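Below, subunit A partners subunit B and then partners subunit C, in two separate complexes.
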Partner chain A sequence: MANAEQTAADLDAAAASSVSSAARQRTLHTPGDGHMWVMVLGDLIIFGAYFIIFMVHRAMKPQEFLASEVHLNINIGVLNTLVLLASSWFIARSVQAARADDHAQARRLTYLGGLCGVAFILIKAYEWSTKIDQGYTISTNEFFMFYYMLTGVHLFHVSLGLLILSITLRELRNPRRCRLFMVEAGATYWHMVDLLWIVIFALLYVMR
Partner chain B sequence: MTTTAARTTTYAWIVLSAITIVSWWLAPGHTRGAAAVASVPITVAVVLLGFIKGRMIIRYFMEVRTAPRWLKLFTDAWLIILWAGVLAIYLY
Partner chain C sequence: MSAQSSSSTDVADAGRVPRAGKRDVWLVFWIVPAFYTAFGVIFFALARVMPPPRPDVTTDQMVHFFHAHALTIKIGFGILVLIVGGAGIANGIVAYHMKRMTVGSVMAYCYLGAMSVGALPGCLLVAFCFLTAVYRPGRDPQLLALLYDLGLLSYVGSLGCFATAYFAFAVAILYDKNEIFPKWLAYVSIWQIVTEIMAVPVFVSKAGPFAWNGSIAFWLGVVVFGFWLSCVIVFLMKATERQPVDEPPLD
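Right, the complex of A and B next:
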């Protein structure tokens, strides 16, 4: 009898927990915290302005910009895009792992995401050095001025992103005190770095 | 629940990477030495693909898909203003 009561209570508890998880799934949730979103949305507006300014200058000298664009290495551009997309996948999976309380897995995925970020910086450094060797510098023309400026400011954001990921790692190191919103906020910033690169890649390397 | 979310993230990543590889084929960088030719259809395609990629990163990676309405509206407005602006300036 006592056993049956306990089973019924267990079933009730299970039902209640499944209802609450379904409700949680439906509830809207702002990933991270408000401060991070203020920073990210602010950055998006500032970069948006850079991109529009780039387009205005491009529209004034379309031939010069297109002729210069040909000298960029599309293979490296695509490779770096794939590297950043992979890093974003690692970081997005890391947040999901942290949510499932699998902190060891979340840490591993964050390391892999950060490693991709380091690879991006190294590939970009190689790209810059080959451009400089070929004689294309910031003073070559307006296109290269924008190329170094946009990729340079973006590179600074990648470095800042790596610093933020190291804070995420510190957060994940102590599962009992891990604050999920900190992990989410770090991921939000990292994905913004990816998002901005997607636009830079389209405008500098691909459009004609 | 976790596995569904993981699968969705992975699908988004595969589509994003596939679009990137298609972009390689669209770019003018292969015509090393030869003059690149301006192309409205290619640029329109690049703008559309850029919009789709950006929206996928925002919705699936940044998890705005399940975020409050104001965040969805703000990020959509950013994407539309940016890419419509880029295209309008290019065509003008």
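Right, the complex of A and C next:
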């Protein structure tokens, strides 16, 4: 335990040399607030159920799913994964900047994270439109129904994430009234969106 | 009540520990679990809408469904059309406590309006479709099949009004500073929106997880709804308990 605290303190010191002792203590608690963790863990359970149901139906029709998967464009999938990973990186650095009381930098990084989120939606819209052009719609078969619904409900989470990031930005705009737990809670949600995409990407695009 | 008797009641009450919450609000509150219990019994045990009968059946099987369950459909939905106002009461008390929040009334009206419109396709239409179907059992089988599809599609597929209501509920809770409901209940309402989105394919899917009886479109939605409803009832109770008896009536 003492070692863990030591490591956490070392990491913190490396991240921001001028960090105050109060801020260092903050890094040792669970980030965000308990309510957001209910959201994140519950959402992961619900998505976990979707993923299990997907795997069950994939096991029932392996040929159909494999034959359909090859029609997805893995390059676009990889691009979107990189875009979302980059956004998570910006948001994580934004939280570090907010902890170090550098609110201007935190705002800039949150904007960059949000821009990546918008880019993700645009790329996904382009991907959907090309698929529909090629004749693969929600009623093509069960795989494409999973494809549109899983990516669609994930897009809803990205949109909600952009709304949450805009609330984070409002917090960061006024350094004196900025509540750090709100910034952390927003980042916690955003990382969940990223994590969900990575699993969706693996299940739909990569798994053979 | 005259002013004299009112003041004598006040004197009598002064000696006792005041009961938490307002009496009329408690009365309305207890109708909510009672209504949803009756709702569950009607939809599960009597009308056989839950779990929904299969969408991938022949016209003959749909006709057989109505013949086999005619009596329980008449009893169940006959009671439902009489007590369906309980849904309005359930929405009313949620809106009442939403109006006690610091966000003001607007989100309460959004919730109330969206839920009220949603109740027509989401609860009443299936009752009228099934009651019509069993009213004249000798009707053209194709017409019975139409009532079967229409009833179940409207019941499972009425999504947007509820999603809007959940969103208004979530926003109100997150902005509220009076802590009428816990913040995490807002996020549970967001899960409800997720399950509504996942039920969109019921209109194109006749079998599998996204059909109207499917594991994703129906069962996961029911599980999350059950959890949400239980939480709402518990926290309506707590909100009613915590409301000061002398809180002035709302506008």
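Everything that follows uses one rule, which is that the second predicted complex is superposed on the first by the 180 of 208 C-alpha atoms of A that agree within 3 Å, B and C clash if a C-alpha of one lies under 4 Å from a C-alpha of the other, contacts with A are read in each partner's own complex, and residues count from 1 in each chain.
The rule is simple: contacts are C-beta pairs under 8 Å (C-beta built on N, C-alpha and C of every residue); 3 or more make two chains touch, one makes a residue touch a chain.
Owing to the predicted nature of the structure, the values given are computational and were not obtained by experimental measurement.
By the touch criterion stated above, A:W89 is placed in contact with subunit B alone, subunit C being left untouched. In the overlay built on the shared chain, the residue A:L72 is in contact with subunit B alone; subunit C does not reach it. By the document's definition of touching, of the two partners only subunit B reaches A:T81; subunit C does not.
Of the two partner chains placed by superposition, A:R177 touches none, neither subunit B nor subunit C. Contact with subunit C, but none with subunit B, is seen for A:G42 once the two complexes are overlaid on the shared chain. More residues of subunit A lie in contact with B than with the other chain of the pair subunit B and subunit C. Within the complex formed with subunit B, the residues of subunit A that make contact are 21, 25, 28-31, 37, 41, 44-45, 48, 51-52, 55-56, 58-59, 62-63, 66-67, 69-70, 72-75, 77-78, 81-82, 85-86, 88-89, 91-93, 95-96, 99-100, 184, 187-188, 191-192, 194-195, 198-199, 201-203, 205-208. The part of subunit A that touches subunit C in the complex is made up of residues 33-36, 38-39, 42-43, 46, 49-50, 53, 57, 138-139, 142, 145, 149, 152-153, 156-157, 160.
If you check the complex, the residues on subunit C that touch subunit A are 182-184, 186-188, 190-191, 193-195, 197-198, 200-201, 204-205, 208-210, 215-216, 220, 224. Within the complex formed with subunit A, the subunit B residues making contact are 1-2, 5-6, 9-10, 13, 16-17, 20-21, 23-24, 26-32, 35-39, 42-43, 46-47, 49-50, 53-54, 57-58, 60-64, 66-69, 71, 74-75, 78, 81-82, 85-86, 89-90, 92.
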